[in-house]
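Take a look at these structures.
Next, two complexes with chain A in common: one pairs it with chain B, the other with chain C.
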Partner chain A sequence: MTTPLRLRAGLVSLVLLAAFLGIWHLATRSTAPVTTMSPEYAKLMGLTATQGKSAMPGPLDVGAKLWEHLKRPFYDNGPNDKGLGIQLGYSIARVGAGYLLAVLVAIPLGFLIGMSPLLSKALDPFIQVLKPISPLAWMPLALYTIKDSSVSAIFVIFICSIWPMLLNTVFGVASVRKEWINVARTLEVGTVRRAFTVILPAAAPTILTGMRISIGIAWLVIVAAEMLVGGTGIGYFVWNEWNNLSITNVIIAILLIGIVGMLLDQILARFTRMVTFPE
Partner chain B sequence: MSTFDNPFDPDRNLRAGCVCGQHRSAAEHEQATALHCEPVASEEERYEGVVASAVMRAMFPQDVARRAFLKSVGASTALAALSQFFPIKTATEVFAQAGAPEKKDLKVGFIPITCATPIIMAAPMGFYSKHGLNVEVVKTAGWAVIRDKTINKEYDAAHMLAPMPIAISLGLGANAIPFTVPAIENINGQGITLAMKHKDKRDPKDWKGMKFAIPFDYSMHNYLLRYYLAEHGLDPDTDVQLRSVPPPEMVANLRADNIDGFLAPDNICQRAIYDGVGFMHLLSKEIWDGHPCCSFAASREFITTAPNSFAALTRAIVDATAYASKAENRKQIAEAIAPANYINAPVTVLEQVLTGTYADGLGGVKTDPKRVDFDPFPWQSFAVWMLTQMKRWGQIKGDVDYKAVAEQVYLATDTKKLMTEMGLTPPASAYKSFAVMGKTFDPAKPDDYLASFKIKKAS
Partner chain C sequence: MTDKFISIEGIAKRYPGAGGATTTIFENLWLSMARGEFACVIGHSGCGKTTVLNILAGLDAPSEGAVIVDGQAISGTSLDRAVIFQSHALLPWRTVLGNVAYAVSSKWRSWDRAKVRAHAQKFIDLVGLSGAEHKRPSELSGGMKQRVGIARALSITPKMMLMDEPFSALDALTRGTLQDEVRRICLETGQTAFMITHDVDEAIYLADKIFLMTNGPGAVLAEVVENPLPRDRGRTDLHRHPLYYALRNHIIDFLVTRSKTFTTERPDHDPRNAPTVQIGKPGLTIASTGEEPRQTWMPGTSPGLSA
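Right after this comes the complex of A and B.
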């Protein structure tokens, strides 16, 4: 057995996928009609009721529908019906806006708190209380005060992605090796220069890890926020299709949400690798 | 008398209770179109027809007297006689004109249910553009969101449950902001749907301990279900559980066995039947025939800042409502509002709701053309009834000035003016008496009515 581990793992993945699809297909096959109905009545009923079709779509249904969506991802049939590409675009734009704002606030603030033990102790109780609040709990308050639903959604992204970044920045800055700072001090490096040339590179891997956690959370939250606020975005798409009880489309959306989430995570992972240094 | 009835018909049944509510037979229904306020060949002709109707009604406000007059001279003679001393042509031209809207691009929010039919269909079928507006209808996730977005002015006007503008104006569950209802969307069109496992439990007395879903606390659904249960001796606060569930989640919850049934807006009821998870226990029409359900609502601020836009919008809605009230247009409407951009539901389901020929979930096909109907007039007595129920179930405490609230929120006077301008015939009074489960409601005596209920929340 000399096949490389990678190939073997890939093979196992494929087998697992095939088994999953197979079981899914078998489990959702139509059964024979449960009861006999008059044709007039049957015409008014859905397939679930007349042909005993499972309410859960099979993998073939999902595949066919997915292909339909992929063929025209950017169609626009009016304000409430847009292609999946446009919906994902809206969601990514919202996440991007909220996330960038959070970066702008969290990293400088984290530096400040991390470099000053006094601030660190003073702000700690606030951060500890605010951190565990579910971002969606802010939604009614945001809608009420900001009075604009799309800004509210961005605010919710901001508030949920700020904490992991802030805490990781504080931790990273506070745990820079004392020797390095002492060396900088003996060389009479100023505070600002010290922050940028010594502390920032040293703390960067920890900060990037915080940013990576944040983007994951932000992507989780945007779907829920858009389901609440509606209008546009992949979360709205899920809600709209659920409205129509179209489980097929919901499954497609789930799949796409997973893929986009993975891509966002991979981008941040690449950045993390770029700033990591061997000690 | 319904707003869209023909006053030139001497044989029109003066009491409600006929098959379609307007005529006594299908033949008569078709025959009656000659002098009717229906969309005929051209817009002008229609206005003319309705102006004539308005004049006729003004001259003979009593149905009985008009009938006697028409019987003796005939409809065409009557019309010719009227034209001699009332310039119907000139009047029609004046009525059809309106001021230019201050704001043309408007946003109107809606919830994807068939109650919103006039609001939705007015976009694809061109009723907004006909009245000089460019309206974007925006689908919204739930009642609380639609309320907040309208209060925040993201929407200029919105589809709301009929009691919501009253609740908002009174500051119940929100800051008190004066809201108004220029038009009712639909009447009837709701239903009690039960899970299939309850198909032998048709007597509400056996429903103790069951869990029901309603769309919102301030909804006709809540008040009608409570009323229905209380009439059957169940206290809705202690004997059953009522849960506020957004309509789209109701079918999923019914399937998952989280609830035993719901009083919900259509297409949700029919959707549960279509998917084989529930059956129609009762149409809301059987509780109160002609009850309002949803309304077209706008803030008072919008009216004062853009009165012409508001008037044009209301005109478009009233126009669409009049179109939707005709049974022959319903199939076409079902197709127009079914796509994903609007209600996003199978056409079969919408057709069953709108045409009234539907599968009941138990293997039968039923027909009731008035299952859902459309009548825009915001009767202030509707508002008074809702206030009595809000008080009955403890949503408002203390004394209520029923009339003042009703008149502030339900803009019967303005609607009447607009309807006359459009050549429709509004009713003479904004108060009418009606019966809910056989019990008559007198809008002049709300407190007596309230006191007559045995089951209510102790205040």
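Right after this comes the complex of A and C.
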């Protein structure tokens, strides 16, 4: 009767997963009638026509393929056949580079804008116009000026993750409680020390929230960006497997993108908890 | 007023109002305090009490006039003038010790950690918070938070303490104990204190001098009431003193009626020399101009009266 909520929720999750996998399995079972045709023609038509097998893989196919990938995550058989670990590694490295650059620009700039009403007002129209631009719209401009597809992808990540961080930093810094600032003022604390000992800790939860939104957006955008620039990365892998008509691999990639995205979010959530203070 | 430790000289605060007009919160405000004196300011909301305190603290600047502390005109904030904020204003991400140590290390920047901690600990002990050093403000009750605020203000050994309704957010019991603490500490350390309050009894208990301000906008200092009660007064038997009700009634009458009409009734009021009222000493009452019977009141005629 008194099973903990967590346990019950876990059970429901497992039931839902089993139901989903079961329906998926039933829906992709071979049901179509097998037609007889000449072997030459059958080769052209593929398995769907000859054996009545659905082109959509079932959970068992995906599971078997996933196990294969997990056994050899880092193999490298040339440009079109690399292990999933390598592809994810490229994507994470690009997101990491673009995101870190954005942190280095957004947080100091956000501090300046947040502390200066003049800058805040002066830069506002620029930020308002630049913020809603889809990061992929920058891609042609980046490719033309940077002339390197990989660096262009990093630039796209930079430009998409800078806005939530910048706006949250500005908001966090500008809305630090007046009384905390007054405490620092009555103690004759200088501007730099005040920024680090009062404003930064007070604004940290808001800044971290912006950083968490940014990492989510960056991970969303990297897939699309890599589909465009090609070469390496999980986004390229998805598009390449689509061209290979390997729906199994596409499904595996989708699953992994979701898991990595969740892990990135969890890491930032943990940092946010570390700087949050109860009032 | 021979030893003017603090002298507020003709300050005013004006804000630009609608249509090019200016709104005057208060003007031509003159008041002075001697070293070691405890002064309370009483007046209705909007008379600019908090602004006066902020100007004294250096957090705000007057539109006119100057403030002289210890022979020097002030400009900006100073570690000589500690502020106890109404909302305690503790930094929630620091512990009790961290909050006090922040003030200590701001005053003595060359001190090492151990010295800062030892000094901060001394003041945490003084306000009776020993054992709670490593708690965060969110784990403390309202009264304990304000004790930390007091410890932080005292830890920088200021020349004066500025308090903006420090106990107004506390329950009556906690308020009483903290009033005792503040009075004890101020008497022991000879601290000069300037406090804003709405609580008449608090002013009577704590203050040597009570400044009465008229209603804003355009508020002025109406009277300086000298507290006739003995210096060793106790909070519990305060109301038994023969002059207690006279003093209390004088202040409450002022707040209820005279604060509104003062400026129109007294066109000859000289804000530079606001009259000093000495309850119970009718012969010495400067403000007594005949039409105010309460200042010629004699002890014992209206005991038990309460406002």
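Following the convention adopted for this analysis, the second predicted complex is superposed on the first by the 273 of 279 C-alpha atoms of A that agree within 3 Å, B and C clash if a C-alpha of one lies under 4 Å from a C-alpha of the other, contacts with A are read in each partner's own complex, and residues count from 1 in each chain.
By definition in this document, a contact is a pair of C-beta atoms (placed from the backbone, for glycine too) under 8 Å apart; a residue touches a chain by one contact, two chains touch by 3 or more.
This one's a predicted model, so the numbers in the text were calculated from it and none came from an experiment.
> In the overlay, answer first, second, both or neither for which of chain B and chain C A:Ala106 touches.
Neither partner.
> After superposition on the shared chain, which partner residues are touched by A:Asp148: those of chain B (first), chain C (second), both, or neither?
First partner only, chain B.
> Check whether A:Pro79 is in contact with chain B, with chain C, with both or with neither, and answer first, second, both or neither.
Touch status of A:Pro79: first partner only.
> After the superposition on A, what does A:Ala225 contact: first (chain B), second (chain C), both or neither?
In the superposition, A:Ala225 touches no partner, neither chain B nor chain C.
> Have a look and say if chain B or chain C is in touch with more residues of chain A.
B
> Between chain B and chain C, whom does A:Asn243 touch in the aligned arrangement: first, second, both, or neither?
first
> Check the residue A:Ile257 against both partner chains and state whether it touches chain B (first), chain C (second), both, or neither.
So A:Ile257 meets neither chain B nor chain C here.
> If we overlay the two complexes on their shared chain A, which of chain B and chain C does A:Phe277 touch? Say first, second, both or neither.
Second partner only, chain C.
> Using the superposition on chain A described above, determine whether A:Glu40 touches chain B (first), chain C (second), both, or neither.
Touch status of A:Glu40: first partner only.
> Residues on chain A in contact with chain B in one complex and with chain C in the other?
On chain A, the chain B and chain C contacts do not overlap at all.
> Of all residues in chain C, which touch chain A in the complex?
Residues in contact with chain A: 57-59, 77-79, 81-83, 85, 87, 89, 91-93, 102-103, 106-107, 136-138, 156.
> Can you name the residues of chain A that touch chain B in the complex?
So the residues of chain A in touch with chain B come to 35, 37-38, 40-41, 43-46, 48-49, 55, 77-81, 143-144, 147-149, 227-231, 236, 239-245.
> So in the complex, which bits of chain B are touching chain A?
112, 136-142, 145, 148-149, 151-154, 248-249, 251-252, 255, 271, 273-276, 339-342, 344-346, 348, 352, 357-359, 363-365
> Can you name the residues of chain A that touch chain C in the complex?
Listed in rising order, the residues of chain A that touch chain C are 177, 179-180, 182-183, 185-189, 197-198, 201-202, 275, 277-279.
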